[in-house]
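Two complexes are shown next, each including chain A; its partner changes from chain B in the first to chain C in the second.
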Partner chain A sequence: MSAALPGTAAEREWVRHTPEQRILRFGFYFVCVAAVVWSLKTIEIIPEFLYDAPAQLKDFFVRMWPMDAAYYPKSVHGALIETLNIATLGTLICLAFALPVGILSARNLVPFWPINLAAKFVLVASRSVNTLVWALLFIGIFGPGALAGTMAIAFRSVGFVGKLFGEALEESHRGPVEALTATGASKASIFLKGYWPQVKPAFWSIALFRWDINVRESAVLGLVGAGGIGMAMDTAMNLFRWDQVAVVLSAVFVVVIAAEVAVTLIRRRLI
Partner chain B sequence: MHQSPAPSPQPRAPTHRAFPTHWPARIGWILLAIYVVWAVGQLDVTWARFAAGIDNAAKFLGRMFPPDAGGDKWESLLIGMKESLQITFIATLLGIALSLPIGLMAARNLMPAWVVWPARGLIAVSRSFHEVVVAIIFVKAVGFGAIAGIGALVIGSIGFVSKLFAEAIEEINPKQVEAIRATGASFMSVVLFGVLPQVFSRFLGFATYQFDSNLRHSTMIGIVGAGGIGGTLFAAFQRFDYDFVCAILIAIIALIMLGEVLSSFVRALFTENLSVIEWFRRRFGQTEPERRDRALGAMEGS
Partner chain C sequence: MTDRTIEIKGLVKEYKKGVPVLKGIDLSIEGEGITAIIGPSGTGKSTLIRCINRLVEPTAGEIRFQGLDLATLKGADLRNARRKIGMVFQEYNLVERLTVMENVLTGRLGYMNAFQAWLRRFSAADIAEAFQLLDAVGLGAFAHQRADSLSGGQRQRVGIARALMQHPDILLADEPTSSLDPKTSVEIMELMAELAGKRNIPVIVNIHNVELAKRFCHRMIGMTGGKVVFDGPPASLSETHLKEIYGGEDWLH
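Showing the complex of A and B:
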């Protein structure tokens, strides 16, 4: 933390950081500034586009109003339900994968590190690919539609849920586990009655949190053709029907807020 | 010695089971099962389609490998990655700079209600739309290109960083704030010396996390025309140029992992005061448990 310089008490001077730490911090700030300056200098911005941005934005909002309310029952309602189905089914599929992979990644449950490493690799691979990219891949496999979207949500979520679940398992107390081991309980009983009650609240709150994120993410899947409300938005945008886009955006807004409120309420009951 | 065996105690009916049936949970599971059956029907998921998909997957993967970025493809890959990086740097700086005041305004323990609620409303609106949706709006406002992407990521950063920053400020210890206030310090001094030192390390965590998140999103917003490698990726995908798609994906994943390593180093530098040698020793340790920890640590991400 601090560098205590040698010498008598009188000459000793308290310095907060060692010279190396100071150089590193300075280097960090320098790199940050350099990166931003480089970006600002080289980025391609077309100034003509910026001059009329206020006018364009005004035009955007003017054309959004009044909203085309008739579009809601026609195209939005069904797509909205589909979005929720994609998010929910995707989360459920992800839980089915994340439970075993999370267990394999926990060092205290599986004390064999090559397996931990393989499980962690699966989790990292799942997280490093964006939901939209997973969607593109699954469209290549299953063709456009909600099935591709559901699988994309599931594959992206495995990494998130599995990682947090594995960490929760690693943090669980050894007491109940040792007590069960002493009774000669089977491995399955030790997991079910020793670990699971400890990590259950964490598991459900992770799952709910991910469901909330997935509702948000599944709303954009349609832009690449993976089903849900994004398809309705894409259609309306391609036709420049901004009054219909406004309906879609409001519907997404309401659903996202409702999902967040629902998650908060359920979490309060569960934990 | 004969003694009639003591009458064995009649097994009493158990009055309390160790693990009683939890009926609400059981009903919940049944409802969930019914929902799954209904939803799967809605999504038109059939086994035939799934089986055909497995066939397609083999063809699809076959066309993705080996990845190819030769000739002018390499050029467009580099241009896209460069633009993604530029968007990330500028958007992270602007987003964090704007999140500081907004987060401060949304902290209920420092600000009056008439400041808190507008700030919270702003945060709620920025949080509720996905970056890609915000990017669509910006593309309409400022046209195609990087500037729309920067706008979208700034909004996303405000939503995430200021919310967590406000929550961190609400959890601070009020004693230090009171102490500074008692000296007659101005409001700015209270914030600078009473509040910020307490939340700095958490703020750094949010900021580096947001940098990672912006890096991820900057590679995607190009799908709607907001600049960066995403546009190149989507174009290649629509041309069925799958080996180039694969090359782009590898480049994106490498960039994101590099970003995660960098931000973990910055966090270690500021919150644990780690020196370079210490950090390397932790990551690339020599003893067997150290090597194992290093291998596992390399897998940790966001």
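Showing the complex of A and C:
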């Protein structure tokens, strides 16, 4: 019987956290709460503005309705097509850069760390700059318009696609690659027949996902003058034509949903 | 010494400096037939086989094959030598998302440049031979299926066809039956013996199953602790030898 071992159960105590862990956890929570309090102080919320927010919101919707449907064929449709073109062309240009840079960043494919590091630097640099900032830069180079927007989309996406593609390459199975090495195949052949079939679904899935993001991103590019539907929205807002703003917002909403559905359907067939 | 002879002299492999896994292996493997390498896990059998086609870099020693020292070859010379050394793997190592046919044809990649590989420009002769090999391994009807739809035994058959597609002068097999059930294991060994025998290709096989090795091999090499401790025909492999190779004796009875 277990009672024959008196005291053993009582002497062995089980606690989830050691005292050091408990102090650490308390400290962590304390810092979190302090950070929230401090942030609330710095953003200087003016209570009066908060009180009439519901009224403002209602006013907004009243001014938006009824929508100015005539504005769609006049200014929105063309801009919408331009937005889609910016997103698509930008994504294609990005793929052309992301493919080589992604390969160079994969440690198993290029076992030479300075090159990996350089490639990763390019990818991080691309991601660390927001699309709108890229757009402002390219407007400086190419002037305002869709070209600047396209390049902005492309440059921002290289980092995203290249990073995920490089990681997919690093996660590919070693076995088939070993087998092809043993046949005497060249490095390029090993990539084409050993790595590429393994990462192909991931690559196209990443590209589609990025296109989906780019459709949304290119919709705001016009706010800084880089072409697309954002320009129509900017004009309407400056003229306080909220019934026209509503048309633009609805159009963007429909296109984003359509893009989402298209991507989901294509991806399902891909994998 | 024919082109199908491998002579290993003083082969040493250290994964960590000062800790050799292979401690100076001297071996000569010639002629046709299957040579089995047996020994406990971690004793360097796989390392030995992989040093031959340089999937593993040897630390010291020589591997003579067709007038070359495989241990020191580089670049295109190494790739050209690898074409003549077929290999079959424990986990089959097929490219899962390609068809069975294309997996067999990858055996020809050493003879093609990357551009031809990309456009799948396999010669008509290669394609005809691939079909023949698939028939020979009993998978003629599976040519257009994806490799990941096959069972383990079927995948290993494709692996054998791929290796033979290289027109190898020697065939290496790294535990080709360790992931298979007993019946399939025998079938795979039979297939290797038959196909390699027809082409007079010597086979070096790492194997855990001593009985299976005895049944198919004309020569057995027992390794333990990174050294060869037995080398002879299966008939002369006694229990004393097995005790020396694997250690202990309780498992024998």
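Descriptive notes on the structure:
We take it that the second predicted complex is superposed on the first by the 256 of 271 C-alpha atoms of A that agree within 3 Å, B and C clash if a C-alpha of one lies under 4 Å from a C-alpha of the other, contacts with A are read in each partner's own complex, and residues count from 1 in each chain.
Rule of thumb we're sticking to: a residue touches a chain if its C-beta (ideal position, glycine included) is under 8 Å from a C-beta of that chain, and two chains touch if they have at least 3 such contacts.
None of these values were measured; they are calculated from a predicted model.
By the touch criterion defined above, A:Glu178 lies against chain C but remains apart from chain B after alignment on the C-alpha atoms of chain A.
In the superposition on chain A, contact is made by A:Ser189 with chain C only, not with chain B. In the superposition on chain A, A:Met237 makes contact with chain B only, not with chain C.
By the touch criterion defined above, A:Lys200 reaches chain C but does not reach chain B. More residues of chain A are touched by B (comparison of chain B with chain C).
Touching of chain A by both chain B and chain C, each in its own complex, is seen for no residue at all.
Residues 175-176, 178-186, 188-194, 197-198, 200-201 of chain A touch chain C in their complex. Listed in rising order, the residues of chain B touching chain A in the complex are 32, 35-36, 39-40, 42-45, 49-50, 53-54, 56-57, 60, 82-83, 85-87, 89-90, 93, 124, 128-130, 132-133, 136-137, 140-143, 145-147, 216-217, 219-220, 223-224, 233-234, 237, 242, 245, 249, 252-253, 256-257, 266, 269-270, 273, 275-276, 292, 295-296, 299-302. Taken in their complex, chain C has these residues touching chain A: 53, 55, 79-83, 85-87, 89, 91-98, 102, 106-114, 117-118, 159, 162, 166.
Of all residues in chain A, only 1, 17-18, 20-21, 24-25, 28, 32, 35-36, 38-40, 42-46, 49-50, 53, 56-57, 60, 81-82, 85-86, 88-89, 92, 107, 113, 116-117, 120-121, 123-124, 127-130, 132-133, 136-137, 140-143, 145-147, 150, 163, 216-217, 219-220, 223-224, 227, 233, 237, 249, 252-253, 256-257 touch chain B in the complex they form.
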